[in-house]
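Two complexes are shown next, each including chain A; its partner changes from chain B in the first to chain C in the second.
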Partner chain A sequence: MVKSWDIDLRIPLRFGLIAGLIALMESVIGIVTLSWERSLVANVVTMGQVLLFAPAIVIASMAAKQANQDKKLVSLLYGLVTGFLTAIPLIILIAMATAFDLRQFMPNVSPALIELLTFGRSPVAGSLILLGVTSLMGLLAAAFDFLPKFIQRPLLMGLIVTLTIGIFSEILSNRLRDLVSVDFSRAIFEGKALKTIIAAGLFAFVAVLNFLWNQFQEPIRGAFGSLPPRLTRVLRVLVILVLIALGLLIPTIAGTYLSEVINNVGIFVLMGLGLNIVVGFAGLLDLGYVAFFAIGAYSMAVFTTEGPLGVSNMSFWAAIPFCIVIAAFAGIVLGVPVLRMRGDYLAIVTLGFGEIIRILALSDLLKPYIGGAQGVLKIPKPTIINFFAVIRDFFVNLFRGLPLPKAPFETIDLIKPEQFYYIVLAGCALAWFVSWRLGESRLGRQWMAVREDEDVAEAVGIKLVSTKLLAFAVGAAFSGLSGAFFASKLTSIFPHSFKLDISINVLCLIIIGGIGSLPGVVVGSIILVGMPELLREFKEYRLLMYGILLVVMMLARPEGFIPSAVKRREMLTADEQMQASAETESAAGD
Partner chain B sequence: MRSRLANIDFIGVFLWVIRAAIIVAVVWGTTATILNNTYTTRQWTDFLVFGVAQGSMYALIAIGYTLVYGVLFMINFAHGEFFMSGIFTATVFLALPMDNAGWLDRNPLLGLLIIAVVSMVISVVIAVVTERIAYRHLRTAPRLVPLITAIGASFFWQNLYRGLLGGEQKPFPQLEVLTGTIPMLGTEIQKVHIVVIIVTIIMLIGLNFFIIRTKTGKAIRSVAEDKEVAALMGIDVDRTITITFITGAAMAGIAGVLYAMVYRQVHFFMGFIPGIKAFTAAVLGGIGSIPGAAIGGLFLGMFESVGPSLFLKGLGIPAFNQLKDVIAFTMLVLVLIFRPQGILGEPLAEKKA
Partner chain C sequence: MAMLELNNVHAFYGNIHALKGISIEVNEGEIVTLIGANGAGKSTTLKTISGLLKPRTGSITFEGEDLTIFPAHDIVYKGIALVPEGRGVFAKLTVIENLDMGAFSRTDREGIAADLDRVMTLFPRLEERRKQIAGTLSGGEQQMLATARALMAHPRLLLMDEPSMGLAPVLVESVFETIQEINQEGTTVLLVEQNAHMALQVADRGYVLQTGEIVLKDTAKGLRDNEEVQKAYLGME
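Moving on, here comes the complex of A and B:
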């Protein structure tokens, strides 16, 4: 009887254990406690609850999918058992924390954690409740799978969007208060969370929208496809214009704090675009990329600072070309010795270079020039000519017959992040354009040939030396520009800003976005730099997240979220390729 | 004329210039230091002994890199975390409570033995989990993929430990038995250094026996030679790779205990620098070769300990000890550039280089 049901209890056992360990890990490293009070939807759900129960839900759903499709009861059972087992490690933790003082070993296993795990009850009652809750969640997750796909997707989408907006409630409510009115902000947000009714409305709205999109996606696409080509071109230009206008308006919409965050994202986009050339195009894994960032930043600092370390009183603009050239030169100098290395040795050597540069910056040896641990202070912000005032004066004086404005013109300092944004934007746009054109140029194709197979590339007449050195130089130049912006933005720099973390961070963001893909760099930066900046209280867990992301991406989706076209083709499995070719053949046959 | 100019290997010339510059700097610095009689013979012996002790630890950690590289051709970037995890856990959960209870001072040897065993076990567990979850599925992936995964794993363990056991430095208890010095070689040598050296020698002999004499060791060697043929000969390749990780991690676990005894503090980031240096040692000795890892470790340790005082001081560099890590990294870079096969290695086949 049981046999015909095909129950294999080892499946939920394994999944439940994994889910339980994840939940346990989240609890003992303290992230659950930290985020428990941060509510997403007022009085309904907090971030800590989501974090604690997400493993039970997600993994129970995965376990339920392992069951035979028409055996609904079995999949419910799998879900239930997985959910049940998720609670077991947590209950063991509760028991141990009640019996011993675990806090002396693990600082994050605090009474507060135990209290929230037991819902404020006694350990036994709390454990039972926890067991019930996770089991129920496992069961529901399994049951969710019974819904037809066209209902599942909108529901998931609605949930994700609502929770994401919930996470950023505080910032959004602040912005709404400034942009619209206090009352409007109060109408939507309560404290630092979405109001329940608004959240429900948002959820319904997104779900319906997603539902409609899924239903009518094909006809809409078809309609667009059948438009006359001239019209589509006009539409495309319009879209681009709107995007540019939006890009220019961002600081006004975003306000000071968000602009600062966006500037940081931009600095990483710039670096990401550079590393994308080195790693993504040319396939040279560089783990010491922060070295060029540091070189750019220190060049900017030393050339422009008003402090005692300054070698000249250049302006920001005059120093920029020097920073780029010095960084590119450094890229070549560090590139020459490693030309003959490939793969992982190259990675380790460049990592060594990065550390050497940082230690040198920190040492007393270079202290007289770049300040050692005290860093360089008093770096001026960029200044631009106040074009509005100059043009206004020009016309006013023209009409009044007064002498026209002459150099030196009136200038403004770009002190506020909202103003600095335009510089970062210009830098990113330039880097984007250069990467895009280079990627499609002869040189870009040479890089890709070197990436795929050095020996073959050499055999077809590509000069490895100059091709590789150009990749290093261009990548380093972008990074140097980024460093120059960084120095000017912060007005003071210290060696500890240039740790290995930055190299890893940049590497992560291009991998997450999709190696070799330009939009991927932007998306990766937003996810890996922007989000953590907005969630400052979880700063400690940022690198942990990076580690998990790197491993998971490599295992599950090595081509990244927005893969470049080439990679997408490469990553197709042999099956899919066969299928595709079979389809073309049959199409040709018809 | 033009064609002759084009034939000059500019890269080769550049590399020769680097070589010459480094040799000149080292010789210059060394001569200056020796002529000035900056240090007494006894100080030199101290540097050397410390270098040997330091190098022993590098050697033990380097074994893990070399073994894994031998079988998988992969730089296990997370190996430094295997080293850290064992001793960090053992210190927080065992050494400190035992010390607080006063038990450790009464039974130092037994206590240290327990700590060492626990440290090894934890390192091994972490290694096996990492291999099973992160590396096993990537055996056939392009070579950068496992490296990036290993970097991710390294960051994961570091920061997991940071959240788990706290981000601050923890003291490792000071043991009565290990403090003080013994007169030897015309100088006073710290007891702890002697212990480190002896333990390392024992571990290396044991490892050698394991690799050369036992069947499992033979399996590891054959998998390193050729996985497919080994599988055809009836060797369970997956199991052998796991055993390789276990062996390396066990060595790292012991190295962790020695490290804690010498420096008497542990924290979550302690694996990074020794990890990179041990990798340097492995490359220096010739990656893939076990005696190479031992020799490379010793050499690097001594060089790092003697080097700053020997030639950096002679060059008149202020606060030269800050540049200790630069020496190790420079050495890594130089070895990889000029002699990637290392001291003992044979020229690497294309697939390994």
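Moving on, here comes the complex of A and C:
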């Protein structure tokens, strides 16, 4: 009888134990205890609850999907058993913690943890409740799958958006307080969480919006596609203008703290765009990329500093071209000896190069010039002419018959992150434009050929030497610009700011974003640089999240969040490729 | 004067003396084949001509011009294209992108379009698979693509390194038919082959290489009738 039902209990067993181990790990390392009181939606759900029960829910849903489509009871059973098993490791933990003092070797298994796992009851009663709760959640997760897709998706989207806003509610409430009023902020947020009623409204709003979008996506797209091409172009320009306006308004909306975070992200976007040329376009694996960042930063530092190490007291703007050229030259210097190397060997040599630059910066040899371990201090922030005031004075004086304004004009120091933002934005926009144009150019094709196969590239008449050196030089130039911004932003730099982990971080962000893809670099930077900063309240656990994210990404979506066209194609199977090419052909035929 | 002349060429891989004084002539319009066992120096000869390996002494001239002073990528511009051993396609790019890359050395749009038509007629299979990724093509199709890619450079001399290697016998025949077709359209071919039997059927003349030296040169028919060649390379007793 069991056979006819097609039940394979090994499925929920495997999934349940995985979920249980995840929940157990979260408890033992202490993140559940830490975030148990951290509400996402006031009086409804806390971060700790989400963390503790998410494995049961998500993995039970995965287990339930393993059952045969039309065997609804089986899939419910899978969900139930998975949920049930999720609690088992936790119950063992409760039992052991009650019997022995585990804190000697697991310092985070505190009475507080046990109390929250048992819901404040006795160990036995608490364990039974826990078992009941996780089983119920598993069952519900399995049942959720029976809902039609057009209901599932809006619900999920609403949940994700509401919880995400809940996580960032402290930052958001601070911004609302400054932008609107304290009362408005209090009306929406309660402490560090969304108010219950607001959360419900938000959930409903997002769900309905998503529902409507899913329902009317096709007709809207169709209507847009059938507009006359002229109007489409006008609309496209309008969208771009709105985006530019938004880009310019961001610092006002975001405030000081978020602007600072955005500036850090921007500095990594700039580096990512550069490394994307070297690794993504030309396929040269460079692990010493931080070297050019350091060279750009130190160039900016010694050219502009007002301290004893300064060589020229140049302005920020005068120093920028030098920083770019020096970094690009360093790129060529690195490029020449590694021309004949490929893959792993190239990675190791560039790794060494990165370390050499850092150690040189630390060394006594260069200490008289770049300060050794003490670094370079008193790097001025950039200054711009106050064009607004100059133009105003020009007209005012013109009408009044006074002498017109003359150089030196009135200037503004870009001290605040909100002001510095515009410099980073301009740098990123420039790098984006250059990357985009180069990627489509003849040089871009050369890079692609070298990346795919050096030998064949040479056989079709591509100069390997200049192609590779140009990739190194352009990549290094972007990184040098980024370093120059970095030095000017921090106003002091030290050798330990240029460790290997920056190279690794930049490499990770272009891989997570989608190697070879420009939007991918931005998404990768936001996720790997911006997120850890915004999640600062979770202390060292955010690094754990970072690590988990990397592993999960590489398993679930190895091509990255926004893959480039070539990468996306590569990940398709041969059948899908035939289908895709047939589709593009029929599209071309229209 | 021959189109391509190698005169007493010596080449080394590090300390290994790979070519020991090779002299070869290829006349315009011919198919010339180099046959020989593994390690005889056949592929090395092609590498030396295409500039991937520089000869230590000796001269290589193409239409009277010394080739040894040019780097590999410039030699493509002289009108010599190499189909490397083991296919030599960009595995992750599509068929059409590969062909596009093959014309990298050229800027004459009309000529490129004409040559694209020409190779697509020569290899209708590639036309069917324009948008497919080269790495997912079968071995025979990849060989076609490698050849087509080389033809996109509009070479006057085509160097082919073991085009039949690893292909099913049915495909091998069609490869050699194509080589003849390419030759009839006016491209001179220098063909390196282990499959001496087939090579000597399509070629006009042939050279036999042994451990870096030319031991025999003759018309293809002469080599086919040569007893030693029959014994050593054609498997006849």
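Keep in mind that, in the parts below, the second predicted complex is superposed on the first by the 553 of 590 C-alpha atoms of A that agree within 3 Å, B and C clash if a C-alpha of one lies under 4 Å from a C-alpha of the other, contacts with A are read in each partner's own complex, and residues count from 1 in each chain.
Keep in mind that, in the parts below, a residue touches a chain if its C-beta (ideal position, glycine included) is under 8 Å from a C-beta of that chain, and two chains touch if they have at least 3 such contacts.
Note that the structure is predicted; figures quoted are calculated from it, not measured.
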{"item": "Chain A: partner with more touched residues, chain B or chain C", "value": "B"}
{"item": "Which superposed partner A:A449 touches (first chain B, second chain C, both, neither)", "value": "second"}
{"item": "Partner chain in contact with A:P558 - chain B first, chain C second, else both or neither", "value": "first"}
{"item": "Which of chain B and chain C A:L543 touches, first, second, both or neither", "value": "first"}
{"item": "Which superposed partner A:S312 touches (first chain B, second chain C, both, neither)", "value": "neither"}
{"item": "Which of chain B and chain C A:K463 touches, first, second, both or neither", "value": "second"}
{"item": "Which of chain B and chain C A:Q215 touches, first, second, both or neither", "value": "neither"}
{"item": "Intersection of the chain A residues that touch chain B with those that touch chain C", "value": "none"}
{"item": "Residues of chain A touching chain B in the complex", "value": "25, 28-31, 105-108, 283, 285, 287, 336-345, 347-349, 351-353, 355-356, 359-360, 362-365, 367, 465, 504, 507, 511, 540-541, 543-544, 546-551, 554-555, 558"}
{"item": "Chain C-touching residues of chain A, taken from the complex the two chains share", "value": "445-446, 448-449, 452-453, 455-464, 566, 569-570, 574, 577-578, 580-581, 584-585"}
{"item": "Chain B to chain A touching residues, read off their complex", "value": "11, 14-15, 18, 74-75, 92-93, 133-134, 137-138, 141, 143-149, 151-160, 162-167, 276, 279, 283, 317-319, 322-323, 325-326, 329-330, 332-333, 336-337, 340, 353"}
{"item": "Of all residues in chain C, those that touch chain A in their complex", "value": "50, 52, 71-74, 76-77, 81-82, 84, 88-94, 100-102, 104-105, 130-133, 136, 149-150, 153"}
